[in-house]
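Going in written order, the chains are labelled A, B and C, and every chain counts its residues from 1.
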Amino acid sequence: MNIITFFSQIDQIYLWDIIGTAVFGVSGVLIAMERRMDVFGMLILAFVTGVGGGTLRDVLIGYIPVFWMRDHIYIVMIIVSVVITLLFKNKMADQWGRWLLLFDAIGLGVFTIIGIEKALRYELSPTIAIILGTMTGSFGGVIRDILANKLPALFHKEIYATACIAGGTVYFLINSFMPHNLVIFITIVVVIAVRLLSLKYHWELPKF
Amino acid sequence: MNIITFFSQIDQIYLWDIIGTAVFGVSGVLIAMERRMDVFGMLILAFVTGVGGGTLRDVLIGYIPVFWMRDHIYIVMIIVSVVITLLFKNKMADQWGRWLLLFDAIGLGVFTIIGIEKALRYELSPTIAIILGTMTGSFGGVIRDILANKLPALFHKEIYATACIAGGTVYFLINSFMPHNLVIFITIVVVIAVRLLSLKYHWELPKF
Amino acid sequence: MNIITFFSQIDQIYLWDIIGTAVFGVSGVLIAMERRMDVFGMLILAFVTGVGGGTLRDVLIGYIPVFWMRDHIYIVMIIVSVVITLLFKNKMADQWGRWLLLFDAIGLGVFTIIGIEKALRYELSPTIAIILGTMTGSFGGVIRDILANKLPALFHKEIYATACIAGGTVYFLINSFMPHNLVIFITIVVVIAVRLLSLKYHWELPKF
């Protein structure tokens, strides 16, 4: 099976879900290196960043055993993210930096959708669904920062979770009258747009 | 419906549960401000402080989806706690400080009872029930401190969990021969009393 | 019932499981003392170190209420670990240091086996079983370090989780053709050997 048949066989959301997992994983490895952790520390930080948000979501709604115990692709992607980061660690910071931010934003959008749709399958309300979408997208990074003994970046540095909340809100505004595929597409685009624009124009949430 | 009919319609425990959630939330917002977090950080810290202990309890006993996914009042109270703290942030530290401590103590007592009664509904033993009551009352603050990258205050500063343990012990001492309403009332009073007296007289647990 | 009948009545794995819990608990109390926590902080740190890894495992696979709610011996052992550490705190660091390391290594091996076997009972794959075995053995220490506001030792200092992974891998290599008792014995010996040899010869995982 070549790579094109592989890609055409699987659902697009699923594809971006696993790419997002790997890109989130890379951000875990980079923090682990910054903290001078060993290879095992890198694996764990890649793991919690890549699957931590979804794991918390699954535990809170009762989808257990959690998702990465049911499909090995997630663990494979975590290992891939560690190997690739070690092989190309100089490129990661430099040339690839912008690509990583883009893929991270796409991953964020896809994770948000997955969280929302899973919540709806459990017949939870839109508010809870948006919370779970945001959690899926952004809590991997929070657990990563806690394990690395840092103040979570999410809480004071960037528009990140806000992008998930914006996307989730749009989802429920358009969900009743648009076809489902379009709703998903627009939601992901909103998350990506808010995230990338906030990076470009240095948007910040107010502090007091 | 005016506020008095509202209050008389709902169960007293439930009323103090949601007030306790908001007061716990306020303590999360205050720590978030201290750490210069943005508005989203405040929301998260209010959220974990207000519902974190009960969430951990629910996950450990298997009451999932967890409680705040089943009743929106908790999320409403978290948002209320952020708004009120931002509006009255000067008053919070000053004039309101003593009221907050009182409400926090009442919340602590009510949270303890809720944890104990939920454990008993799952046919867990008195020991486990006291542990779960204490967890419900005090672990929101622990998660708050971890997210704020602080050594949890619970572990070295104050008689807090000890008040829950004292109340829980009294609960099981009197439960077999007193009417249930009175057991609940006395337990809550014991928690509040131990908590407030420990603040007044600077009680501390021994260190070694 | 004297101690010999007690020991001969219970299963050897179970015996070492509860001894391991107490020894892990001791390491929690020692960190709590280092951080000048009070008696309650010691109890919590002993608790999370002793049962934290297994609790996380149980929550992720859905074995809830979690194990220590079903058998009080774990809570008893936690309390025992606090009392013993307080009584013999000078000896702990000195004469007992080597014994603690040995018991800790045995506990690590036993916890790994328990995690693996529980995963298999849930029909999870060998990869997931090794992950859960490693988690059972090593995440109590991670939660301990997070609560004590330290960078988890697991991620940068020692061969610890690696011993669990080595043992778990051996388990699945020999499981198909050896009797079950022997598989368990060899797995535990491998974990202990890797752990103790790594301490003796100062093995470390590579950093980058």
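We adopt the following convention: a contact is a pair of C-beta atoms (placed from the backbone, for glycine too) under 8 Å apart; a residue touches a chain by one contact, two chains touch by 3 or more.
Computed from a predicted structure; not experimentally measured.
Undergrad: Can we say the copies chain B and chain C touch using the same residue numbers, with more than half in common, or are the two sides different?
TA: Mostly different residues form this interface, as fewer than half of the numbers used are common to both chains.
Undergrad: What rotation angle, rounded to the nearest 5 degrees, superposes the C-alpha atoms of chain A onto those of its identical copy chain C?
TA: 120
Undergrad: Chain B to chain C: how many Å between their CA centres?
TA: 32
Undergrad: Which residues of chain B are in contact with two or more other chains?
TA: Within chain B, residues 59, 62, 146, 149 contact more than one other chain.
Undergrad: Touching residues of chain C toward chain B in the complex: what are they?
TA: 32-33, 35-42, 44-45, 55, 59, 62, 64-66, 69, 72, 75, 86, 89, 146-149
Undergrad: If we count contacts the way the header does, which residues on chain A are in touch with chain B in the complex?
TA: 59-62, 122, 124-125, 127-128, 131, 142, 146, 149-152, 154-156, 161-162, 204-208
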